[in-house]
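Lettered A, B, C, D, E and F in written order, each chain numbered from 1.
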Amino acid sequence: MHMRRAFYIGRFQPFHLGHYSIINDIARDVDEVVIGIGSAQKSHEPKNPFTAGERVMMIRHALEDADVMHYAIPIEDLQRNAVWVSHIISMTPPFDVVYSNNPLVVRLFKEAGINVKQPPMYQREGYSGSEIRRRMLADENWRSLVPEEVADVIDDIDGVNRLKSVSGSDAD
Amino acid sequence: MHMRRAFYIGRFQPFHLGHYSIINDIARDVDEVVIGIGSAQKSHEPKNPFTAGERVMMIRHALEDADVMHYAIPIEDLQRNAVWVSHIISMTPPFDVVYSNNPLVVRLFKEAGINVKQPPMYQREGYSGSEIRRRMLADENWRSLVPEEVADVIDDIDGVNRLKSVSGSDAD
Amino acid sequence: MHMRRAFYIGRFQPFHLGHYSIINDIARDVDEVVIGIGSAQKSHEPKNPFTAGERVMMIRHALEDADVMHYAIPIEDLQRNAVWVSHIISMTPPFDVVYSNNPLVVRLFKEAGINVKQPPMYQREGYSGSEIRRRMLADENWRSLVPEEVADVIDDIDGVNRLKSVSGSDAD
Amino acid sequence: MHMRRAFYIGRFQPFHLGHYSIINDIARDVDEVVIGIGSAQKSHEPKNPFTAGERVMMIRHALEDADVMHYAIPIEDLQRNAVWVSHIISMTPPFDVVYSNNPLVVRLFKEAGINVKQPPMYQREGYSGSEIRRRMLADENWRSLVPEEVADVIDDIDGVNRLKSVSGSDAD
Amino acid sequence: MHMRRAFYIGRFQPFHLGHYSIINDIARDVDEVVIGIGSAQKSHEPKNPFTAGERVMMIRHALEDADVMHYAIPIEDLQRNAVWVSHIISMTPPFDVVYSNNPLVVRLFKEAGINVKQPPMYQREGYSGSEIRRRMLADENWRSLVPEEVADVIDDIDGVNRLKSVSGSDAD
Amino acid sequence: MHMRRAFYIGRFQPFHLGHYSIINDIARDVDEVVIGIGSAQKSHEPKNPFTAGERVMMIRHALEDADVMHYAIPIEDLQRNAVWVSHIISMTPPFDVVYSNNPLVVRLFKEAGINVKQPPMYQREGYSGSEIRRRMLADENWRSLVPEEVADVIDDIDGVNRLKSVSGSDAD
């Protein structure tokens, strides 16, 4: 019997309830979800505060109790869009369908002849990494936007202070 | 008898009538034109929608009937300006003169002791890659700015839709 | 309560019963095992026939019924031994101890002040990737050296023929 | 009317009569031949004495009088076999068929679902880059193995002395 | 007797009196100062006009008469913050303390458990690379902001004209 | 008054009395010696056990009492011989002459039109990095082949044991 797998990619800076909700939706359609952690080599930047390993932890803990068979795979950038799909395929278990709302991701997989579906956009305001990072910097409430387990990981690594530090860097 | 060769570099996103006109002007002064296709590794980006191979096609087809002996050579970025001239030289047939209006290109070749000439700037409004890409995104007339053969290549690869897709990408 | 994690790295070309046995031994000492898949960017080479994604599959299927909580994380080479430990740490969940018999791995982690244990070497003859690849090339029995699930993955991807093909490559 | 194109890749260190003969054979089956110059970033090494630009010159001059429509495209190594086919495709005009006797090249294109044909092996002894480089180092006759125009390019760049110099390098 | 060493890093585009003053302050606390020249691979850019070698010259000449034992070490970017501290350590003599006011540098060394001190910010207006480069472009007085020896190096390499050239580059 | 500078490059694994003697000879001809530390990114390998920073230390301490004005500059490999000379030039203070007996180095600088001199080969048997590393592995006398200060650096970092560890690594 063929195992049906979906691929879903994000930077997960951090992993939030929007991601959580989409992955749960995808899991209803397939047997397993392959979760690509994009820009895996980046961390300690204003837009990418967390390491790939920390993001693996967020995903694992957040999905622990959900009934979602998944793989969390760090994917390093190659800076070459034309080979990106091959790069993904080489790093992951085989999948039958890609779920994405990112127009570049959609385009690249479609040009490669791979089936792409667009998950319903998660509605609630603020379910975006940039909004969460903005709230962290402004000492506003960000915890309601992420799974509880993700907030724990971020606290453990002193993540909000890290984000504040690296956001204050001058470049000169 | 020494073959006189000129070097001309651009990103050609896409190749347009301004490039065409400059290359025809250069061809009057030399025996052969070496055309460097810059940022060869980039594609599927708002500023770099086309692959190097697609740009090779544009150049070949556009110059097919012109009496211009030329080489179209993809050149990948090294991200190290100090070695860029050596990189160019290693990837191309030897040349006697560089034609460029790009101040960085002019500076780098001059510091390397290579003869640089500045072609007359092509006058007609819109002869620039960024203007052409803007018109593509706005569904305005871009075809009048490129050789007919280039428009054909872009149609064949569904280039305008690709540009629209990759320009809509969000980064979060 | 602190989760106790061990790190174990290999190239897993392919994942064999020696690896399986070591990981089961490690699992008795810790709560979770982080399995690094080394040289993740390599494949289709005589010494590295399988992609990282294929190796993820081998590990997942082989460990499915074992009671081992684990993470399988592809790790790309950086070609810089001096930063290798930091690279590993950035790509993986935090771990308390490393298990390795590879002298370079042992040395690098020890110089970084990390606790390293050497698992008992698995005894049975042939439990090595190079022996298994040799048998594949010689049409000898390799299946007895790997978990049944790994043999299935290799059959699914026509792995033996791939190894034969890439081992016949001439370089000139 | 569709233009039928073939892809043929080699390192061309140097371009010899075996390559010449194969390309002429291929040219009978297609409209245009796309010639990939592999390991383009390498030069001044015992196995790779010539730059990509020098190899472009060899190919162009050797094929000048042959009735072969062709593109000579330098291809830099990515050191990732799993994305190599995508890399080739992004750097070249589209092609319908690949001609190769190299088992790795054959395998990679076949796994990508691309049509591969194996040209008849050229028979005459010595038609290999390594044999030609061996003769250069030993001051034996290598000129009979390459097109006359290639020998001229090599003489112009003092190629035999370069090969001797770089082959004498010690590594310590 | 243990040699006490401090590490101080900057891009030094160019080396100015603020840097000079900080290094002299640091030198009072330690035996030797290890000066890291960041983004060593960059040059001929608006924000990075000078090569690493030129910056080595500026530092050596400026500190020649100061009683400061120092090492000036070019450090290339790795674009991976998580391994940056290991990279620094591998390229430099061992040091006991880092002096920095850059929040990212402070954060990365602190996360690595290394002692970081923040030197008093130099007060005088204009002691920043970006202000000096702005003045160079505007033909305003920049010489008063750098050690005399640095101005000499910049004059020798025609540095102001280089900055003007590369700042005028268009990207299309 | 023009400062006359020479360039000398090696891997210095480790810095030995042969290097020491050559640099002292060079120093008689010029005002300053620029010492390039090649393959700077490598360490913890059988042929490259020491980091660039450790090699900087060896050179500085060994030359401390010699009356040799020098710069010790780590140089990372680019793996592109055709741009290597430009890379060197960008990372170092300007120099007038190169001293080398390495045929590849000699060739590359000569092709770039730079003056190269060959220092008299140091005679005493064993003055080579590979012989010293062999003796370290065999517990033979290596100390007599290096300056006393270099032996101290190697002892401080437990260098012989590191070499033994990394030389015992298996690759499978």
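As a convention for this text, a residue touches a chain if its C-beta (ideal position, glycine included) is under 8 Å from a C-beta of that chain, and two chains touch if they have at least 3 such contacts.
Not measured: the values here are computed from a predicted model.
Engineer: Name the chain whose C-alpha centroid is most distant from the C-alpha centroid of chain A.
Structural biologist: For chain A, the chain whose C-alpha mean is farthest off is F.
Engineer: Matching residue numbers in more than half of the contact pairs is the bar here; say which of D-F, E-F or B-F clears it relative to A-B.
Structural biologist: More than half of the contact pairs of A-B reappear in D-F.
Engineer: Taking each chain's centre as the mean position of its Cα atoms, how many Å separate chain C from chain E?
Structural biologist: 43
Engineer: Where the centres are mean C-alpha positions, what is the separation of chain B from chain D, in Å?
Structural biologist: The answer is 26 Å.
Engineer: Indicate the whole-number Å distance between the mean C-alpha point of chain A and the mean C-alpha point of chain E.
Structural biologist: So the centre of chain A lies 36 Å away from the centre of chain E.
Engineer: Of all the residues in chain A, which ones touch at least 2 other chains?
Structural biologist: Chain A, residues with two or more chain partners: 41, 43, 51, 80, 82, 89-90.
Engineer: So that we know how the chains sit together, what is the shape of their touch graph: line, ring, star, complete or other?
Structural biologist: other
Engineer: Note which residues of chain B are touching chain E in the complex, please.
Structural biologist: Of all residues in chain B, those touching chain E are 11, 13, 47, 79-82, 102-108, 111, 128-130.
Engineer: What residues on chain A touch chain E, complex-wise?
Structural biologist: Of all residues in chain A, those touching chain E are 41-45, 51, 162, 165-172.
Engineer: Show which residues of chain B lie in contact with chain D when the two form their complex.
Structural biologist: Answer in residue numbers: 40-41, 43, 51-53, 56-57, 60, 71-74, 76, 89-94.
Engineer: Under the stated contact criterion, what part of chain F meets chain B in this complex?
Structural biologist: For this pair, the touching residues of chain F are 78, 80, 82-83, 85-87, 89-90.
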